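Here come two complexes built around chain A, the first alongside chain B, the second alongside chain C.
And now, the complex of A and B:
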C-alpha cells in the first residue's frame, strides 16, 4: 500500500527528521515492502518476545543515592544555557504542513 | 607474549605505546581511528611503567595498547559515533567496559572509526570517511589481485573492512593495538573480524555491561571483542564480563573467568551445520571452506550433523523492523538541547529539533528513524512490530530446539563473500547491503547467543575469510575452546603489510604474531 501524504505528515511530526523529498518517500516504501515479508510467517499463538532475558528476574538495587551532583560536567556539553537551565526556543508551535 | 615481555622488562610500556602510536601515524591512510589519544596514552603508559618498576602490574592487560570503538563513552575524550550530531561531544563519563580496561592498566590509544551510529555493514557511512581494510595493502592481496597495475589503479582497488566496527578490526589487524572493543547488534563485530582476518567475539547478551555504549537496539546490542587470537579474546572477556549495577540488563550470576586448555579436545562434542546458512549468494570457495572445516571436526572424532533453523531467512526482516523501531526511540534523545549539535534555527522548539536532526544525522540514520516511526504507528503496531517480536521468538526457539537436541556448537560461515572493493560496495545503498551482509550473523543477536568469528583461510583474491561458531547462552568457555581448537588446526597466515614494513620494520618483526596472553 502506498504511503499517503497524511501519514507522511504525521510521521514527520513524530520523527522530527526531514525527509520530505521523493527519495525519502521511496526509501520508506522500499522499507515497508521489505518488512512485508514478515507476513509470510505463521505466528498464530506465538507470544511476542521482548527480551532474550525474559526468564530471569530483573535486578533491583536498594533505593540509595549512589551518584549524582555532576551538574557542572553535564552543563559543559550544552550549547545554550543560562545558569543551570537549558535554553530552548519557544514551544507549542507546530511545524508547517507538508504540501505536495 | 607481549604481557610476559613487559613483565620481564624486554620492552617497557612507554616504548610499546610509542611504537603503536607511530604505527598509527604511518597507517593513517587506513582511516581506522577517529581520535588518537596520544597524550593520555603516553601518560597511561608511564603510569604502567611505574607499576612494572615496582613489580606490581595490575594484571595481564597492564600496559597493553587497546582501542575502543567510537560509540563508547570515554571521559574527557571526544565521542562522536562518526556522526555530525556528536562532533565535539566530550563524554563526562567512562563506559563500564572502558573503565574496566583502564582499571586493569590498559593503555587507550584511540577511538576507532565506524559506520554512523553503528548502522551499516561496511564502515563506509561515517562522517569521517570509510575505513580501509589493511589487507588491501598486504602482499597477499596485491599478488592475487593486481600484479601489473600502476599506482592509481591500486588506489581504487582497496577493499572495505566490513562493519560496523571496521575501525576496531582494522586497528587490531594492522598491529596498532593488541585488542579492541567493538559493538555487535547484527554482526557488527564478527563481520569486520572476518574481513580483516582477526578474531571477533560476540558475547551472550547480558554478559558484558552496555552502560556507556550509545545504544542502537537495546535488546540486541552487546560490546564485542576483537583480538588477534582466541586466547586473547578469552582474557579480555574475563576482564569485561560480569554484573554491572549500572546496566540492569546484565545478569546477576557471578562470572568465573576461565583459561582455555592448551590442547583443546573436541572429540566429545556435537557440531551442528545449519542447512539454511547455505544462503543464496554464498561464494563457492566459502562453501568449500565450510565443508572442509566440518570434515576437520569429523576427523577429530566430533559428531557433525546437519540441523535446521527454519526461520533463518526471516531474521533479517525481523531485524529490519525491530531495529528501525528501537532506533526511532533511541535517536529521540538527540534534540540539540543537552548535548551534541544544535541548529541555529530558533523559531520554535519543533523546528529547531527538526533542523538539528536533519543536520546532524546522515541519510541512513534518518531513513531508519522514519521507517521505525512508521512501524510503530498505531495502525501498524500489531502488523509489524508485534509480528516481528513473534518471529523473534520463533527464531530463538529454533536455536533452543537445536541446542536442546544435543548439539553443542553450530558452525557456519560468517560472511557471504570476502571483502568487496569499496567502489563496488557503494553501488548499493546501506539498507540493501546490510540486508545482504548481515544474513549469517544476525540470528545470533536475535536469540542473544554468543558467537565468534575465527579467520579460516585466504580467498582466491588473497583476502581473509572467517568461519563462525555459535554457542549456547553463557557457554562462552565451550565456544572459545572449540574456536581455539579450530584456530590451531587452520594456522591462518599473518598479514604481510608491505608499505608499513618499510617504515617500521622492527615493530612488525616484534609484533607479527604477537598476542598478549
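And now, the complex of A and C:
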C-alpha cells in the first residue's frame, strides 16, 4: 500500500514535522513495512494487553483536600502572567494549507 | 415523535401547504424512516434527529485525580496542584467519591455498571489542557446501555403529558479542562487551571430526540435526578452541567443526514432555542440545494442563532491510547466481594444501589398517591426548588384538603413568586401563615377573594 498525500498531510499536521522529500517518504514506507510484521502473529481470541500493570490494584484515594494553594510556585514557571493567570497565545492558530 | 409531529408539521406547512389531516397521518407513520407515502402526497416532512452529550461536574471535595479543592469562585490558579498543572513527575490518583458518584448515576439511569472499566488518553492541543491530553474512558466506560424517561406536554397543554424515553449510550469518568479567557484586544488567552482536573461524568444520550423541547425536558429530568442523588449539583449557570447537542435532519427512508455539533449553551431555554434554530437552518439549507458541513457551531444567545466556531476546523484526530499510569478500575458486588481487602479500596455496586434515594419519578408517584393531586401538579412541585416541602408543610398544618391546597400553591402562590422573581425560600408568606389562612378559608371565616388579596 502506498502512502497517500492525505495521510502525509495528516501526519505532518499532527507531528509538526516536515518530511516531504522523497527520502522521508521512503523511510516512512519502510518503517510501516517493518511494523506490519506484527500482523504475522495469529491473535485470534487473545485479549489485547495494554500494560503489564493490568493485574495491579487501582488505588482509590479518599475525597479530602490535600493539595493546591501554591499559586506563587506555579507562576514561577510562567514566562508571562497577568494577575495570576497564565498567558497563552490566542486560540488555536490554523496551519496554513500545505501545497503538493 | 408524536410531540414533535405538531411542531414540524406547522413549520413546513407554511411553505408548502396541503391537506392537513393527510399530512398528520403521513408524518406519524414516517417519523422513523420507512416508505415515503408522504412523498406521494408531495409533502416534505423532514425528520430532525437530536442527540446530546451532557457533562456533569461531580460534586466532590477534591478533584478526580488529585487532592486540590473543587470550588466555583476562587482566586485564579489557587486550587491547582502540580499534577493539575501537568508538571513532570506527577501521577494521577483516582478519587473514590467520584467513582461512587458515577456508579450511583449509572444505576439511577438503568445502566449496566461495568465491573471492569479502563482509562484512556484523548490528545488535543489547547491552552487550558496543560498535559496535551485528557484522561477519559473511551474504550470501556464505567456504565453503559441505560435509559432516561421524561415527560413532554402535547401541544403546550400541561394536562396532556406524554412519557418519552431516551437511551443512554454510556456514562464515563473524565477530567474537566481549565478555563480560557480570550483577550482579543491584546491577542492573548488568559488561563486559569482551577477547573482543570475536576471530575466529570459524561452522559451520552442516543439520538432518540427530535426537537428542542424534548431535549430540554430530558436534560431537566437528568438534572433533577443528579441533584436528588447528590452526584452533581448540576447548576447550568455555574457550568456544573454543560450540554452539547448533535443535530441532523434527513428525509424519511433515507439514511441520517450530516450532523453538526452545537456547543456553548448555558441554559435549558437556550438549549431548546439553539436546537430548534439549527434544525430550521439545516432544513432551509438543504431545501435551497446546499449541503450541511460536519462542523462545530456555537450558539449566540443574543442573536438567537448558531455560528461556526473558528477553532474547530476539520476533523480532529484524538490519538486515543490506554492511560499507562492507571490499571483497570474494578468494582465489586455482594457476590464478588473480596474477603481480605481494605474496604476503603472496595466499591460495592450493590450497597450503593441499596442506598439510592427515591428518584424524581418515584417521588412524583408518591405525591400523587398520597395527596390525590394530578400528575402534572407533581411535576410542577418537583420542578421548583423547595416547593414540595412547602406544599407538604402547608398540608400538615391546615384543615384544607390537599387537593384544594395544591390549587392555592400552584395558582396563587407560585404565580406571585414568578411575577416577582422570587424563589420558594424567599416567599414572603411562610408555609405556617398560608396554612393558617387556608384553614380560615375552610371554616368560611373569610372569603376566597379576601384570601387571594393576602
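Definition applied: the second predicted complex is superposed on the first by the 85 of 100 C-alpha atoms of A that agree within 3 Å, B and C clash if a C-alpha of one lies under 4 Å from a C-alpha of the other, contacts with A are read in each partner's own complex, and residues count from 1 in each chain.
Going forward, a residue touches a chain if its C-beta (ideal position, glycine included) is under 8 Å from a C-beta of that chain, and two chains touch if they have at least 3 such contacts.
It should be emphasised that the depicted structure is a prediction, and the values quoted were computed from it without experimental measurement.
Undergrad: Kindly classify A:24 by the partners it touches after superposition: chain B alone (first), chain C alone (second), both, or neither?
TA: A:24: touches chain B, not chain C.
Undergrad: After the superposition on A, what does A:50 contact: first (chain B), second (chain C), both or neither?
TA: both
Undergrad: A:14 contacts which: chain B (first), chain C (second), both, neither?
TA: both
Undergrad: If you stack the two complexes on chain A, which partner ends up touching A:41: first (chain B), second (chain C), both, or neither?
TA: first
Undergrad: Is A:76 touching anything from chain B or chain C once the two structures are fitted on A? First, second, both or neither.
TA: Only chain B is touched by A:76; chain C is not.
Undergrad: Check the residue A:84 against both partner chains and state whether it touches chain B (first), chain C (second), both, or neither.
TA: Only chain C is touched by A:84; chain B is not.
Undergrad: Which partner, chain B or chain C, touches the larger number of chain A residues?
TA: Result: the larger residue contact count on chain A belongs to B.
Undergrad: Touching chain B in one complex and chain C in the other: list those residues of chain A.
TA: Residues 10, 14, 50-51, 53, 56, 58-59, 61, 70, 74, 77, 86, 88-92, 94, which sit in both footprints.
Undergrad: Write out the stretch or stretches of chain C touching chain A in their complex.
TA: Touch list, chain C to chain A: 60-62, 66-69, 75-83, 85, 87, 93-99, 118, 125-127, 180-184, 187-193, 310-311, 313, 317, 319, 322, 324, 326-330, 344-345, 347.
Undergrad: Over in the complex, which chain A residues touch chain B? Could you list them?
TA: 3, 7, 10-19, 24, 27-28, 30-32, 34-35, 37-41, 43, 46-53, 56, 58-59, 61, 70, 73-74, 76-80, 86, 88-95
Undergrad: Which of the residues in chain B come into contact with chain A in the complex?
TA: That would be residues 89-90, 92-93, 205-206, 219, 243, 245, 248-252, 311, 314, 317-318, 320-321, 324, 328, 335-340, 342, 345-355, 357-358, 361, 366-367, 369-375, 377, 383-384, 386-394, 396, 431, 435, 447-448, 473 of chain B.
Undergrad: Per the contact definition, I'd like the list of chain A residues that touch chain C in the complex.
TA: 10, 14, 50-51, 53-71, 74-75, 77, 82-92, 94
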